[in-house]
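Okay, so subunit A shows up in both of these, paired with subunit B first and subunit C after.
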Partner chain A sequence: MNQRNEKLTIVLLLLLALLCLAIPAVAQEPVTDDEVNEVARDLYCPTCENRSVDVCPTDVCADWREDIRQQLAAGRSESEIHAYFAERYGNSVLAAPPREGINWLAWIVPIVVVVVGALLFGRYLKGLRAEEATEDDDTIDVAQSTAPVPPPAADEDDYISRVEKEVREGE
Partner chain B sequence: MLADLGFAALLIAFFASIYAAVVAFWGSRRSDERLVESARNALVVIFPLMLLASAALITLLLQSDFSVAYVYEVSSTEMPTYLKVTALWGGQAGGLLFWNLILAAFTAAAMLRKWHDERELMPYALIVASFTQIFFLGLVTFYENPFARADFVALEGQGLNPLLRHPGMIIHPPMLYLGFTGFTVPYTFAMAALIAGKLDIGWIRTTRRWTLVAWLFLSLGLILGGRWAYDVLGWGGYWAWDPVENASLMPWLAGTAFLHSVMIQEKRNMFKVWTIVLVILTYLLVIYGTFIVRSGVISSVHAFAQSEVGQPFFIFLALMTLFSVYWVLRRRDELGSQNHLQSLTSREAAFLLNNFVFMGILFATFWGTNYPILSELVVGERVTVGPPFYNQVNGPLFLVLLLLMGVAPLTMWYRTSLQRLGRAILGPAAAALAFVVALFALGIDNWAALVGMWVVAFSFVLTLLEFWKGTRARVKRGEGPWQAFSRLMARSRRRYGGYWIHLGVLIMAFGIIGSYFFQQETQIRLNRGESVTLGAYEMAFNGIRQYAGADDLLIREANLALYRDGEFLRELGPRTELYTRTGQPMTIPGVRSSIADDFYVIMVNWETVTNDAATFRLYVNPLINWVWLGGLIFIFGTLIAAWPEAAEAKATTATRTRRRTVVQPV
Partner chain C sequence: MSKPVTVAKVEEGSANGEQGSRWRWSTVLVWAGALAVLALLGWGLGNTDTPRPQAGAPAPAFEMEFFDGYEWQSAESASLEEMEGQVVVLNFWASWCVECRIEADLLESAWREYRDDGVIFLGVAYLDVEQKSLDYLEEFNVTYPNAPDLGSVVANRYQITGVPETFFIGKDGQIADVVIGPVDSTRLHTQISRLLTE
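Right, the complex of A and B next:
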């Protein structure tokens, strides 16, 4: 009985060992070019300007793609691989500055400028209108004598009426 | 001998430009007509001198005279004749000579044509124009001399970079140069108006068409550049937001803002300072763009330090900025127009908003282009600012611009009631919504793309309605529909040319959204007889043919069969070309275009290629042909807007004298 049990244990252990061997074998499915390119797309090698690693024909970039392939095979994620290259070769290998530390500036400044600009611009426009309103009140007499052309009535489509007038008068 | 002649022409031209500046200044001081005229002649004579120098260089290129360093660098004996000629702008030094040729042509034409119209501005225009000319002539004479001798005797030249042998690349640089140099003309006259203190509408009238023509060429340059990238660079795209592209986009953005703001000034006589600032900005961005491309400053601050032309460019840019700012500040009071808005929903407010958004995009692009320099200088770290940045920052701003493009034409000068605006918008908004719902029903669920498509459809309908309204008004008066439509455009070219341009942009946006959001790609290694599926397409690989081409080319062409939904479409032959002597490779894609999408395949030349196996990169680019179609419509619209109105001008004058009623052009 003991002997049978032992035998069973050994068989089970062997099976388990086999299973353990089998798991990485299943995971070791070859990494496709598409998976490599997906990671390489947002990387720029230091020597080739303005060409991302997935479409760059140089040997350096071929090595990088091979490196990516092996890391993907080892189960690392896209962001881990990006971080790996950034750490080794500097942030210039990333397609855009990482959103951390001083490099936040790269992202924030244009947005801040546009938003603050929009606020200032809105105030400026309102200011232009207010100026107009007070001017109207103050200078109504002068305006009557000097203003050469009174603004047309608001709801008239000046252009269409002009076209109509033009056609009416003949050409 | 020829090289000496060419260099002599450069040298004489350089001194002529200095002479022009000095004598024009002197002449304006003493109000001496003869001096001013002499300065003009000096500036005009630079053009034939540049023609002479260019002819000399082209002859040297045709003779394959490799004792001249430039000829050695950009040409080789077996290059076809047309490439030898266009090698004139295939390298730095020759490119600068060509730039000078076009600048001189523009300057001479402007000075001669406008001599009598704008007599009071002329002395100052001469001074400002000669500043630009002095700088670029100095550059080509003393820093990048295309006639410099080689230090050695070579029997064969290096040949033109194969990437530059594409027709698109042969036309693209001249278009950009024409656009860039063209913008020096409005700048010249704007500065002349500032200095002369003659700040009425005159300088704008004088330079209106010049600006449109410059803008036309710049737009053409941008579109052709995109097409070239798509055909030659082999990455399936057309715009990569790289610094060199940005360098030509930035002046375009400022110039486009200017073309819009000019209309407020013409119509309402407002925002004079702003209009002048935009002209100046466009000019400075032209210089800055050339600086970026020529000095290599973006790739590295160190490249800039080594580049011979970097420092002179930087100094010139600084000087011209100071010069321009000084005169704007000095004339600030005279420029001060009574800017007031009667309503926030007026045409003038819409134009201002348009300018604001253009400036936003310009700033973001400028910031992104220069951030690497800033980072390297301040923190000492090199970074890359690539497509993810621009797509996220500029994308939404462009969308606002497209929205404005539809709504702004509905507004009227002075004020538009919200009710009226609302009524006009409601129908198109609903139509666009129906379009988007239909797209959603077809399975498109990317919300960013759907928002983009809504905006495009909305503005497209509104723009079409503008054509419809104008035509209908004429038809009601008894004209035939076609006659009404064509007369409408003939009578107000700028207005309807502008609408055509808007339609072109919207169609391009349609294509850009489609190809950006829905591009599919895959890369795979195939053995002979194997096939691969991407989207609705199936591609079978039937082997590779190898043969020798013209020049020293070794060509490998794949034989592919393309199927869609199981049906045979056509054969495709993507190929790699190897320039055996220089070892430079080229990748020519195989493309099957249709109105719905492009099937685009390249043979990946960095993987081993045998007769029986090769690696392919396949793309399906949806709607991409709408980008090129929109580009054509865009150019058509610009031509309508810029076309000389000879017949019409006569007609208007006739009407004016007969009836004494002047119809104001919009």
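Right, the complex of A and C next:
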């Protein structure tokens, strides 16, 4: 009976050991190429022009993709990997500048330019509309008037001239 | 009868004046913004347009953190300033660089030959994955100090055109010679011998 129990215990221990070995294999799913490329897409090849690491055929980019794969397998996030590459190889390998220091200008200036441009364009259109409306009013006035406009009296003319002069000086 | 007409015209004139003033301010702001962007671009271009360090120019300063097992005088990090008074052979390389393999054995043998004569060989791994760099160093039995170029700072200061590239720095801290591509035995020995006698 004792011998039987011992055998059973050994078998159970062996099974347990196998199970322990199997768990990490199941837990560590291999990192796919798509996952690697997702991270590599936002990094640029440092030795060629305008080529992201996911599509670059050079040896250096192949090494980098392998490095990304290992880091993803180790549980690092996309932003952590990007930060690692920036620290190790410089910010120039990033597709977009990090949001810090003077780099903020690269993010803010285009937005400011678009907003200011839209405002100025809106103002320009408003001015055009106002001008057209004034021209329309003048046309209607001229068309509807049956009698000629009497010339302003001499004293009134003088008064208007003085006011216009003051306004011009005020400007 | 004439007064209301005049007041209306005055108000219109005043409104036009305010609008004109606002318009002028916005124009000034737009121009100021455009000039600021241009100034920034000019500053950036000016910074990138610094001349490449050539023979006769002072060697740009740097500090490097060595790979484990490839330290200089057992120090984990060192600066060029600390090496003043000695001849420095600064070599940029990478494990993915095919041409670097041509000069690897020569550099190691020269290091072993001159290490006790006051010559420092410094290897700088450019844009390289750390493990690949270490594998390369092991493959060529490299024993002289080597470090990764963190942030590509050293490569940017020396404005290297690629790898391999070697800078010979004299005891006075001036660049004596620059070799783009694999360095050959004659040039390596000639330069070191010349700099040692200076």
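The criterion applied here is as follows: the second predicted complex is superposed on the first by the 100 of 171 C-alpha atoms of A that agree within 3 Å, B and C clash if a C-alpha of one lies under 4 Å from a C-alpha of the other, contacts with A are read in each partner's own complex, and residues count from 1 in each chain.
In the analysis below, contacts are C-beta pairs under 8 Å (C-beta built on N, C-alpha and C of every residue); 3 or more make two chains touch, one makes a residue touch a chain.
Values in this document were obtained by computation on a predicted structure and should not be read as measured data.
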Which of subunit B and subunit C A:Val60 touches, first, second, both or neither: second
Which superposed partner A:Glu6 touches (first subunit B, second subunit C, both, neither): neither
Partner chain in contact with A:Val116 - subunit B first, subunit C second, else both or neither: second
Which superposed partner A:Arg88 touches (first subunit B, second subunit C, both, neither): second
Which of subunit B and subunit C A:Glu80 touches, first, second, both or neither: neither
In the superposition, subunit B vs subunit C on subunit A residues touched: B
Which superposed partner A:Thr47 touches (first subunit B, second subunit C, both, neither): second
Shared subunit A contacts, counted only where both subunit B and subunit C touch the same residue: 58-59, 90, 92, 105, 109, 113, 152, 156, 159-160, 163-164, 167, 171
Subunit A to subunit C touching residues, read off their complex: 46-47, 58-60, 63-64, 66-67, 87-90, 92, 105, 109, 112-113, 116, 119-120, 123, 152-153, 156, 159-160, 163-164, 167, 170-171
Complex interface listing, subunit B residues touching subunit A: 234-235, 240, 242-244, 299, 339-344, 349, 352-353, 356, 359-360, 363-364, 367-368, 371-372, 375, 379, 381-389, 393, 397, 412-417, 420, 469-470, 473-474, 476-479, 487-488, 491, 495, 521-525, 585, 587, 605-606, 615, 617, 651, 661, 663, 666
Subunit B partner contacts - residues on subunit A that touch it in the complex: 32-34, 37, 42, 44, 49-52, 55, 57-59, 61-62, 90-97, 102-103, 105-107, 109-111, 113-114, 117-118, 121, 125-126, 128-129, 131-132, 135, 151-152, 154-160, 162-164, 166-169, 171
Interface residues, subunit C side, partner subunit A - complex: 2, 6, 9-10, 13-14, 17, 20-21, 23, 26, 29-30, 33, 37, 40, 94-96, 127-129, 132, 148, 150-153, 156, 162
